[in-house]
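Following are the structures in question.
First chain A sits with chain B, and in the next complex the same chain sits with chain C.
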Partner chain A sequence: MPTDTLNSLGEIAATNTWGAIYPEMILGCLALLLLALEVILPKFAHGAIPRIAILGQVLLLGYIVIFDVSGGSSRVAFGGMVELSATTQALRIFFLLASIFVSYLAMVSFENKSLARIEYFAITLVVTGALSIMAMSNHFVMLFVALETATVGFYVLVSYFRQNPLSLEAGLKYLIMGALSSAILLFGIVLLYGAASNPALAGSSLDSMNFQNLRVFLEANPTDTLAIIGMLLVISGVAFKIGAFPFQIWIPDVYQGAPVPTTAFLAVSSKAAGFAVLLTLVKTFAPLSNVLIPVLSGIAALTILFGNFAALTQRNLKRVIGLSGVSHAGFLLIGVIAAQSVPEATNWVLFYLFAYLLGSMAVFAVFAHLPKAWDSDLDLDDLGDLAKRNGFLGIALAIGIGSLAGIPPLAGFIGKFLIFVAAFKAELFTLLGVGIVGVVVSIYYYFGVIKAAFFEVWRFTDENEESGTPSALPGATLTALGKLTIVVAIAGSVVLGFFQGPLGSWLSGQ
Partner chain B sequence: MNDSVSLLHFAIAVPLIAAFATLWAGKLGRPAVQIVSVTGFAIPTILAIFAWVSYSPDVAGGYDFVTRHNTGLESVGISLHLGLNGVALPLFVMAAVVGLAAGLYGAQSKAENLSRYLFCLLVMQGGLMGVFASIDVFFFYFFHELALIPTFVMVGVWGGRDRGYAAMKMTIYLTLGAMLSLAGLIALYVKSGAESFDLITLKEHLSAAPLSETVSNYAFGLLLFGFGILVSLWPLHTWAPLGYGAAPSSAAMLHAGVLKKFGLYGLIQIAVPLIPGGVGQWENWIIWLALGNVVIVGLVTMAQRDLKQMLGYSSVMHMGYAFLGIAAMSVIGVAGAVIMMVAHGLTVALLFMLSTMIHHRTQTFEMEEMGGLSKKAPVLSAFFVCGMMASIALPGPGLANFWGEFGIFVSLWQFKPWVLCVAATGIIISAVYALRAIARVFFGTESEDFLEVQKEHAVTDMTWAERVPALILIILLFFIGFFPKTISSSLNDALESEPVYATSEANK
Partner chain C sequence: MTVGLEQYIAVSAALFAIGFFGVLRRKNTLVIYMCLELMLNACNLGLIAFSRYHGGMSGSVFVFFTITVAAAEVAVGLAIIVALFRKRQTVQVPALNALKN
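Moving on to the complex of A and B:
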């Protein structure tokens, strides 16, 4: 017996190919390096640390894109804990790209604020690595550990503006809701584990938290009540991450209170990680799809409707974008459901995520450059005459919002278009109808943002202007690096809108 | 598979490049902006006229200037497939000419931030050239949206009264229309089994295996109402008069004149040929709603006191005739609809431009507060009378509109005589509002308000900067009026080669 265990442990150890997760390891080391640099470097040189963080990530991203873009062949590593594929490699690139933008946003947002800075960048790196591993996870233990690593990081990032009560409130809400959702997820995992480890049932396995083993069990027992309840609880836990109805209630408050970089991080990376997990889980739970698909369809429809209608009356910028993000989650869910019967839709979901990343980051970059003591107070009035006062930021906002609204010739349109094609191919006509209603409703509030920035409106004169000192101009802190970052986001949105070029064969799922 | 570039690429790309060049020229001052932007409008016009003269397809009714490029979505069935057939060619030329007139008028206007204004207008122009040059249905839709977005911005930023509300209403209505038609186009893509958005491929697949009755019913309904909203089909037309009333003149010219024809063009070129059964299933809907356009909106037009609102409503009214021409499903009816689209595009652009010129002189759009303008501005009044006569399709002066409405009426007589009888009341209605507008604005005694205005602003006649764009439009209108064959022969070939129109002709 001991030799057996040793042999099997040896077999598992042989699959511990550390090279498979080199980007995540580099991110972790970079995070530690930042902390070390803070101690070693003299105080006046601390300004360079965020730049080192960004540079490190850009180099890593460049390396992956140039030498390792396909991620090699699909393989399972660490005894079935993680599974690498072209999809996870695309998500890795996604998380790195998002993290670079988030680091930049943090640099801008923390200017003129007395805060500990370096930790923010270190935590961002660790969370990014965790999200990336979460997307690769092939085992509930790995999934849960990665998820908790990321979530604990987010608890800190959300309440980072310690002096701002709204940020603290957001942190507390996120903590409670996050803990609750983790508990629900864990409970679901335990139920599935219990069901699938029952030796009396066909297809049971000792390692039933492994997704492949779980799937074998579910195929043999597609009507197991315990497994169905477990699945629903797991899906609920993931729905919290992506902000899907009815687990979206935390979104407006947390998005509003959190600092802009954290809001962007939550809206983009955290949501994408949720979808990565969902894409894997939907495959694992495929034998139960007669329960899963109706549930997901209902969630998708309600998410689109809630997100769009709730955003209509908002004036706070981050609440608008947060709720619009809820509706984006609904559109992505349509893609996930369609991917069940239309295989290439998986890549279309990823394309949508990339378009969403570029659009959101352009918008958040504009928010970060608006002059306001606390960014949680930004509302539509703060955009007033943005186009006149800073044309560059005006264009960035227009392109970002336009891409989120799905207006051609921007990337967001191609994303929505592909999702609609997928929905049609999968014959999800009701969801398609809801999607169309959602797009039309969304035009109203996206247009409201554009209107606030571009169209002249009559307003009270600013108090500062009356007293003779003009209020700070938006974008006064815009540096060359900042311009470059924003240009990357908007150029990406525009170019992907009408030339998908090399992505073409990838989009067709070949 | 990538072909070499054709003149169509230049016609689309030049305005788009010129748009950015204009923004940049904004730093160099007003003359630079004007030169760059007018060049951006003139080159597509020259190319379009060249295309018109040299158009010679390999087969009668086929496409000329065909090119195809992969932009990355070929694996999904989308490629940049450009070309012109007999239906697209006249609209392509019209789009270029109206664009040139709108550009010339916009370049000499006193719009604030002129370079940004012309930027929007040039982007719109690039989109419009793309709409009529696209064989790929996806790009047809894509270019339409590209042209649509600047319209909203122009209404919202440079618009007149109620611009915020008008821009919002237009955006929501037109997005709804666009989304419904997009759903219809995706339905064709999926249900035809072609896995392609290429119109020619779609046609081949659908003629081999037509859609089932249920699918064709839904798909055509989506396209009809999607395109219908975009063309202001009654009762979904309310965005149009409001939007045109608020829009700056160049935007109104391009939207009412050209962009709105997108929906009709889509029905003629895509929906009806691909879903031949659809028209029959929706026939009563089309007829009754289109009659609503002609009669109800016609009566509303008569009640207008605001010149620009009246023009907006009259353009909605005329769309009803085009729908009726399509409903008749015969070569002559559809050809009449296309000629009317071309002629109406030129006319309505001319009238919107002239109404702004009138506004510059009277400081109002209220017709009650005008009068006697012809004494002060005889050339302006001659142009306006000519435009109004064209708009009500008077046969006398040899204007293109007559041939369009005539073709539609002939087809309606063969199709359903009672429809013709109801539709013909529109002739009287339009005569009433047109003649009344001419009388109120230009003839009679000068109103007290107008005399007040004259004390502050001396009224002059049209300047040459104003005459040139108007002349361009009028000349093309007369040219097509006297030589309709220059567009109708290729149009006829194209429609004859379309089995759906040709066979329904034979049945009658």
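Moving on to the complex of A and C:
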């Protein structure tokens, strides 16, 4: 055995700094703890397990925010498998926050349903850890494994209501679409690997799936056909995950059929992870940007237009929010493209994601509190007169939807504003125009939701009384914890809209 | 004729294309699922061929990960298909259209 090999193995082993991924390891251990508790605790104490899950995540989030908010210096670990930076640390906080909201939504949605519950929380924790690692990945093997861990978890979460055929059908559709996109992504990786490992070409490397090595190769061979095809396939695979045109076909069906917490999880965390990967990949593929940027620009414009116009005719609440999420993906894509020439736009994309998280979670929390046997059937009529019947939920819905629509002075407005500034600075005037058209169109359907909640008389009282099922009031299951969660989401939307003070230096990219 | 890298990659690409169009065209969920597996295996063949002809082991190692991932996907996927069949008594795609505009 040559000593060189042993030495290099030793060097790689020395970079296995487990401390670098302590939040993900804690999440994994917490997931195992939940499963163990289900066996150990007596049946009547099972109600405490979701609370333990939420408590554990809140403690972890608190620790990171208080002691480790910047994430230390940028560094690679595990032999170049993961790269940590301030961006990945912000995303880590993002995923944890989203996962706390999702766990709470799951607690609400699973009330009065005979289902196995604990697994949902355990899988949520594992998926959150996987998404966080996906955002840090610096190597195609790491990226693929993290992505698949998250995706396989999502298959289960989407079809979790297995007594509801709609949930199962959504699960099947997500399964086929998710597996198809993974296969396309994988084939792209294969072609990139094949191109960049060819010893006959300059800049080739034995470890060509590492993003830095790949970039070195692409700089030396910016016209390699195999690499360009590979890149386009990889970008297509990621576009499936973020729901960008023309890979958005699964979004409305899956969002409608999935349980509310899963829809929120897919809309927020899965999309954010896709964008984290896209930000890394756009940097890696920078030598090919004469092909990549026009493709991404076209996708961004079509995504914004499709998302907004398709949402106009929808009546199902989760389809409306899903298609509006497609248009948000388009806005975020503008930010990603602008980040090529305006470095601080990366942070603006993150700000947009946080604003989107807070707005979406407020809206989904309201959906979770609407009385309905299966939440896939929620439509605009179910909001009827919500503001009169439960003012608190009405306000939460108005602020959440307002923030998603980008009404000043809420956080969503600042997010869109920053994206437009980025597009202006990067001189993407066509995309800027498309974005503004998109915002104008989106006001119509967002206002439709508000109108249903505030100005329409609730029509179904008599019908329900005739059939002998007294209809529950919306928010009848609202607990103190629930109020706190919703207040955090709407307060975040309002405060971030008025006051970005502490984030100022971060937003300006220093 | 000697079989070289090009032939392996051509077979890999052909398998991938067969799988891809199978997913788009077939109506039976199980057949679609087999086509998805075919696509993953086409990728495996490509990885092994590149790894063998270009030197370096990362492609070969990656194959272990893809196989594991594919197994996990099958385990979850078949469970979903069986659960759906119990509810709807069919796995034909045209019949599964409850979610629509």
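Following the convention adopted for this analysis, the second predicted complex is superposed on the first by the 497 of 510 C-alpha atoms of A that agree within 3 Å, B and C clash if a C-alpha of one lies under 4 Å from a C-alpha of the other, contacts with A are read in each partner's own complex, and residues count from 1 in each chain.
Criterion: a residue touches a chain if its C-beta (ideal position, glycine included) is under 8 Å from a C-beta of that chain, and two chains touch if they have at least 3 such contacts.
No experiment lies behind these values; they were computed from the predicted model shown.
Q: After the superposition on A, what does A:D207 contact: first (chain B), second (chain C), both or neither?
A: Second partner only.
Q: After superposition on the shared chain, which partner residues are touched by A:L60: those of chain B (first), chain C (second), both, or neither?
A: After superposition on chain A, A:L60 lies in contact with neither partner.
Q: Thinking of the overlay built on chain A, is A:Q314 touched by chain B (first), by chain C (second), by both, or by neither?
A: Touch partner of A:Q314: chain C, not chain B.
Q: Could you tell me if A:L418 is touching chain B, chain C, both of them or neither one (first, second, both, neither)?
A: first
Q: Taking the superposition on A as described, I'd like to know which of chain B and chain C A:V277 touches: first, second, both or neither.
A: Touch partners of A:V277: none, neither chain B nor chain C.
Q: Who wins on chain A residues touched, chain B or chain C?
A: So, of the two partners, C touches more residues of chain A.
Q: I'd like to know which partner A:L432 touches here: chain B for first, chain C for second, both or neither.
A: Only chain B is touched by A:L432; chain C is not.
Q: Contacts for A:D253 in the overlay, against chain B (first) and chain C (second): which applies, first, second, both or neither?
A: Only chain C is touched by A:D253; chain B is not.
Q: Just which bits of chain A does chain B share with chain C as contact spots?
A: On chain A, no residue contacts both chain B in one structure and chain C in the other.
Q: Show which residues of chain A lie in contact with chain C when the two form their complex.
A: Interface residues on the chain A side: 140-141, 144-145, 148, 152, 155-156, 159, 162, 165-166, 168-173, 175-176, 179-180, 182-184, 186-187, 189-191, 193-194, 197-199, 204, 206-209, 252-253, 256-257, 313-314, 319, 376.
Q: Within the complex, which stretch of chain A touches chain B?
A: My answer: residues 402, 407-409, 413-414, 417-418, 420-421, 424-425, 432, 436, 439-440, 443-444, 447, 450-451, 454-457, 498-505, 507-508, 510.
Q: Looking at the complex, which residues from chain C come into contact with chain A?
A: Touch residues, chain C against chain A: 9, 12, 16, 19-20, 23, 29, 32-33, 36, 39-40, 42-43, 46-47, 49-51, 54-56, 58-59, 61-62, 65-66, 69, 72-73, 76-77, 80-81, 83-84, 87-88, 96, 98-101.
Q: Spell out the part of chain B that touches chain A in their complex, as residue ranges.
A: Its residues touching chain A are 70-76, 138, 141-142, 145-146, 149, 152-153, 156-157, 163-164, 167-168, 171-172, 175-176, 179-180, 182-183, 186-187, 189-190.
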